[in-house]
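I've put the structures underneath this note.
Next come two complexes, and both contain chain A; in the first it sits with chain B, in the second with chain C.
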Partner chain A sequence: MQDAFKSTALAAAEGASDAPWLAARRTQSRDAFSALALPDRKVEGWKYNDLSKVYGEAVQLTSASDLAVARELAADTLALEAPTVTLVDGQYCAELSRLPSGLNATSFSEASAEQHASLAQSLGTQARADGQAFVLLNEALNQDGVLVEVGSGESPAESLHILNLRTAAGTAAPRVWVSVGENAQLTIAEHHLCAEGVASFDLPVSELHIGANSTVHHYRFALSQSGGRHIGRVATRQERDSRYYAYLAVLGGDFNRLDFGLDLQGQHCESELYGLYMCRGQEHTDIHLAVDHALPHCDSKEVFRGMAAEQGKAVFNGRIHIHQDAQKTNAELSNRNLLLSRTAEINTKPELEIYADDVKCAHGATVGQLDPEALFYLRSRGTPLEAAQSLLSYGFINEVLLAMPDQAIAGLVTPRVDAFFNDLEKG
Partner chain B sequence: MLSIENLQASVDEKAILKGLNLSVGAGEVHAIMGPNGAGKSTLSNVMGGRPGYEATGGSVTLDGVNLLELEPEERAYAGLFLAFQYPVELPGVSNMEFLKAAVEANCENRGVEAPNTPAFLKAAREACAQVNLNPDFLKRGVNEGFSGGERKRNEILQMIMLQPKLCVLDETDSGLDIDALQVVADGVNSMRSDDRGFVVITHYQRLLDYIVPDFVHVLSDGKIIKSGGSELALELEKNGYGWIEQEVA
Partner chain C sequence: MSESVERINERLASDYEAGFVTDVENDSLPPGLDEDTVRAISARKNEPEWLLEWRLKAFAKWKTLTEPEWAHVSYQKIDFQALSYYSAPKGQGDGPKSLDEVDPEILRTYEKLGIPLHEQKRLAGVVAVDVVFDSVSIHTTFKDKLAEAGVIFCPISEAVKDHPELVKKYLGTVVPISDNFYACLNSAVFSDGSFVFIPKGVTCPMELSTYFRINAMNTGQFERTLIIAEEGASVSYLEGCTAPMRDENQLHAAVVELIALDDAKIKYSTVQNWYMGDEEGRGGVYNFVTKRGLCKGRNSHISWTQVETGSAITWKYPSVVLRGDNSIGEFYSVALTRGRQQADTGTKMIHMGKNTRSTIISKGISAARSENCYRGLVRVAPTAEGARNFTQCDSLLIGDTCGAHTFPYIESRNNSAVIEHEASTSKVSDDQLFLCQQRGLDPEKAVSMIVNGFCKEVFRELPMEFAVEAGKLLEISLEGSVG
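Here is the complex of A and B:
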């Protein structure tokens, strides 16, 4: 199955972007991908993933997009009237983009020769650690992407939205590169949205580089109405004194895998990652987090809440690596999970690797059911059992939604959370 | 209005309530006192239908309705309210949302019209003022990070909003400073009426200075072993429970 997958992938790569500035990289990545053994259950980091859902289907770049469906998917985000760069099934879509004025953002295809030259240098420098097969595949298949540059001292007032819309079956491999200079600020929201019943295969990769003393708020939502497979990678690198806040949500989709890497390469960095994931039906979601503390005096905090109902399966793996030089590190990881049925499954594993001796590290991971005492409390006040269950489940997720400072952006996830509970009640 | 007859209940297969009788008429306030572990909280938990607290015999009826056959929420619709000794936290569930869901469910099931949103908000803010909680508490998670005293005041706030027929207060006075005690007592007194009954479980006579009971009962080893007027509380405060337990033995 892997072999068939690989050969269709290599064939599909022939149809990827023919931009000359990318050619060398693409060939390199395609060859590396071709030589690499694809992960399967025997590989520790993939042991809970049923990759037959991925390898079972041929790789084929999406050709026929549906603009009407894209318009509908984009509506709520465009209604925020903020700068937006939109890709539809991996290709830049000018019609659904609102290019920012005070902010330097562009699709790869529309970028200048100078930008291409710098992209050719920087793409992959953060995301490609460990030669991850799916990052290489993204590079082999990439057709277009979004480049965001915030110069030193700049702090655009508006948040920037990147829409990655899936309207038709097939593979897309969009790419995002965000570079933020020194003493700058940025709020960026990535939306990976898949329309109802679209058998998409999405391989998005985002890299963020945050310069000294800058602040970035990064929202990343992967929301599918039903169907779709998504293997995503985010790699963020922070320089000294920078602050990075990420808010992740994964809902819907047959198969979701997100590898989120945070590399703290300067002293006095502050990072907070919040995330929620919810699976039902036959859905599968796996979030792999890797936080690397390379230098002293950095604080990182991760708060993740997961939920699985029906036959849903979720996996959370939170790895915090505190290198030898990273004295005076403060690292905190909390992952709580709620099982809403007996057939649902959640596996969680915090992995702490600590090589420095003067650090504060706290982690907690739990999988449980709704607290019967809390349920009784609600019922004793007259709230019927089912309503009490959904109030508590919602409350559980709400902790993450409330952590998002821009409630208008959070509001793009809430309807999906509501729908999750409503659909459960309907059975 | 409330009639408890020969109530027996076990927790973890251990008999805790051993034939308890109590009758509360409309408009009355009954205080229940008794040593630790006597079964006071168990009584309120059995009345409320808390999981793990099943009655094994006897009956509890409220205006003719057998509470023991009902689900916990149905007991609320029948008019029962329990103020808990240890109210739990509901993280992420806002107090406002929680109160609204409860008020609406009670109205619907009692066949009265639920207040519209502005009326509800007004009532909620007034209830806050009455128990001296900043209205900001309405936005916070239910009991989330509340101090002990704030939780107890939040219980009284819910009682005011839900307008029950019979209120059972389990040690609502424990752990309160004197001002909070006054607030709780005022809350209860403001709700005293001819068609509402109260059962106030307490260890301290001082609460009964503020909420003057019509009857005082001593619960010991799963039974009411002595009943009297408000003067009984003073006697208990002075002499403890030993003399009654001996008198009964």
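Here is the complex of A and C:
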């Protein structure tokens, strides 16, 4: 199965972007991918993943996009009237984009030769560190991407949205490169949206580089309807005194995998990651988090909430690595999960790997169900069971939803959360 | 602070008191492992045909397995053909009939280690001891007294002859021969170990204890322990280990199986102090052990307590399979690593029965250039209605050249189960030290007190004598730690 997948992937790579500035890297990645053994359950990081959902179908780049569907998908985000760069099935879509004035954001295809030259240098420097097969595949299949540059001292007032829309079956491998200079600020929201019933295969890779003393708020929502498969990678690197806040949500889609890497490469960095994942039906969601503390005096905090209902299967792996030099580190990770049905499954593994002694590190993980006493309390006051359940469930995930400082952006997730509970109530 | 850390580590590198070699003639098999080795071991022990077949089956399976590499340890691959798989003090091949037949040299060894075998010398006489020297069991004390209560406590080689039906019924039922690489190797070449059978309704009248000693060079010790507690029975079992100081690595690949039927209780405590190798990491024992208990009956209870201070590499995950409804599994562990020791240890709690409960308390202390790693699995099967787990892993780091890691796996497939895991990492804080010193404690005592407090939850689970021994072991290791 893997061989067939690989050969179709290599064939599909022939049809990827022919931009000359990317050619060398593409060939290199394709060769590396071709030489690499694809992961399976025997590989520790993939042990809970049933990759037959991925390998079972041939890789084929999406050719015919449906613009009407794309318009519908983009409507809510565009209604925010914020600068937006939109890719439809991996290709830049000018019609649904609203390029910003005060901030330098553009698609790879529209970028200047100068930008191409710098991209060719920087792409992959963060995401590829561990030679992941799917990052290499992204590079081999990449057709277009989004480049965001915030110069030193700049702090655009508006938040920037990147839309990655899927309207037709097939594979897309979009790429995002965000570079933030020193003393700058940016709020960026990545939306990965897939229309109902579209058997899409998404391989997005985002890299963020945050300069000294800058602040970045990063929202990343992967919201798909039935049928979608999504293997994503985010790699963020922070320089000294920078602050990074990420808010993740993964809902829907047959198969979701997100590898989120945070690299603290300067002193006095501060990072907070909030994540929410919910799956039901036959859905599978796997979030792999890796936080790397390389230098002293950094603080990181990770808060993840997960839910699995019906036959849903959720996997969480949160790894904090403290290097020998990273003294005076504070790191805490909390992962709590709710199992909402007898047939759902949750696997979690919070990991600590510590090589420095003067640090404070803690992690906590729980798997359980709604507190029966709290349910009883609500019911004894006249709240129907279903309503009481969703009330308590909301309380459970609000720790993540309410952490998002821009509630207008958070408002793009809440309807999906509502729908999740409504569908459950209907059975 | 760095100066004091250096001094801690200096002290930690202190002498290994059990590191002497006993000079007795050995009857060893030549190094090498093939089917003939397995047959030779079996023949020397006059084993029945079924056991030989069992061994050969295991050996055939072992040849198809590869060494596991997932643990967070690194070492030079073991050359399994360079090891000797059987070593017995000469003339002891079939086990001595009485204490008079035991080589006085060996008796002196155990006296040096503080384990007097002469029953009359025991003051209180509360502990029955089975002693294993290299590959054979030397002597079991208090056999008669135990027999009165109906308890069988003897070397497993003896049990094979005297109680074949029991051994046949239970051997390999908890750790099947194909379980893992080392367990499979053990199944093929195991030499001796203890066998305990507590019949229905009997509370074992005294603590049972086994003392393991590797003496001969280039040998592997592969003991096999099997403990069965029938309905309503209960037993507390202790295990201690030492080895001489040698430049080569010695392999210790034991298998321990516990079976608890309805309402039975087994408490298994280990103080492991194998030779850990020198400062540069030369020599020391590779402790690759498979320990697993099966709570087979309703309301059964298995509890593991371990204090791990020795071995160059520890690879050990005492586990409990909670099959009976309302059964309870417990794991209490203190692991201290120093020098260049590497420990990858933890537990597995497999919840299958309804209302099963498990508790995991793990304390890791790492110093010098050592690596200390907790690796645990809590699995709740769909059948485990109302299962409950609580896990707490704390690590203490001394110095910035060591590592402390936590890899807990949590797998839940039942929505009525509640699983909690928490872990923390810290060091002996300057504030704590200051507070103690301000109240007149010298720094050495202060550190010892803080570390003892850190481990207290585990120590109080140990039987009295062992708790004292464990406390002392830590004290010796940390003496003169701050300055």
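Criterion: the second predicted complex is superposed on the first by the 427 of 427 C-alpha atoms of A that agree within 3 Å, B and C clash if a C-alpha of one lies under 4 Å from a C-alpha of the other, contacts with A are read in each partner's own complex, and residues count from 1 in each chain.
Basically, a residue touches a chain if its C-beta (ideal position, glycine included) is under 8 Å from a C-beta of that chain, and two chains touch if they have at least 3 such contacts.
Worth saying up front: this structure is predicted, and the values here are computed from it rather than measured.
Trainee: Of chain B and chain C, which one touches more of chain A's residues?
Mentor: After superposing on chain A, more of chain A is contacted by C.
Trainee: For A:402 in the superposed arrangement: first (chain B), second (chain C), both or neither?
Mentor: Only chain B; A:402 stays clear of chain C.
Trainee: Determine, under the contact definition given at the top, whether A:392 touches first (chain B), second (chain C), both, or neither.
Mentor: After superposition on chain A, A:392 lies in contact with chain B alone.
Trainee: Report for A:146: first if it touches chain B alone, second if chain C alone, otherwise both or neither.
Mentor: neither
Trainee: Look at A:351 in the shared chain and tell me whether it touches chain B only, chain C only, both, or neither; answer first, second, both or neither.
Mentor: Second partner only, chain C.
Trainee: After the superposition on A, what does A:340 contact: first (chain B), second (chain C), both or neither?
Mentor: In the superposed model, A:340 contacts chain C only, not chain B.
Trainee: Tell me the contact category for A:377 with respect to chain B and chain C: first, second, both or neither.
Mentor: Only chain B; A:377 stays clear of chain C.
Trainee: For chain A, which residues belong to both interfaces, chain B and chain C?
Mentor: Chain A residues touching both partners: none found.
Trainee: Show me the residue ranges of chain C that touch chain A in the complex, using the header's touch definition.
Mentor: For chain C paired with chain A, touching residues are 5, 70, 380, 382, 395, 397-427.
Trainee: In the complex of these two chains, what residues of chain B are touching chain A?
Mentor: Against chain A, chain B makes touches at 48-51, 71-73, 75-77, 82, 84, 87-93, 97-98, 101-102, 105-106, 109, 141, 158, 162.
Trainee: Taking the complex as given, what residues does chain A use to touch chain C?
Mentor: 44, 324, 327, 337, 339-369
Trainee: So in the complex, the part of chain A that touches chain B is made up of which residues?
Mentor: It comes out as residues 371-374, 376-385, 387, 391-392, 394-399, 402.
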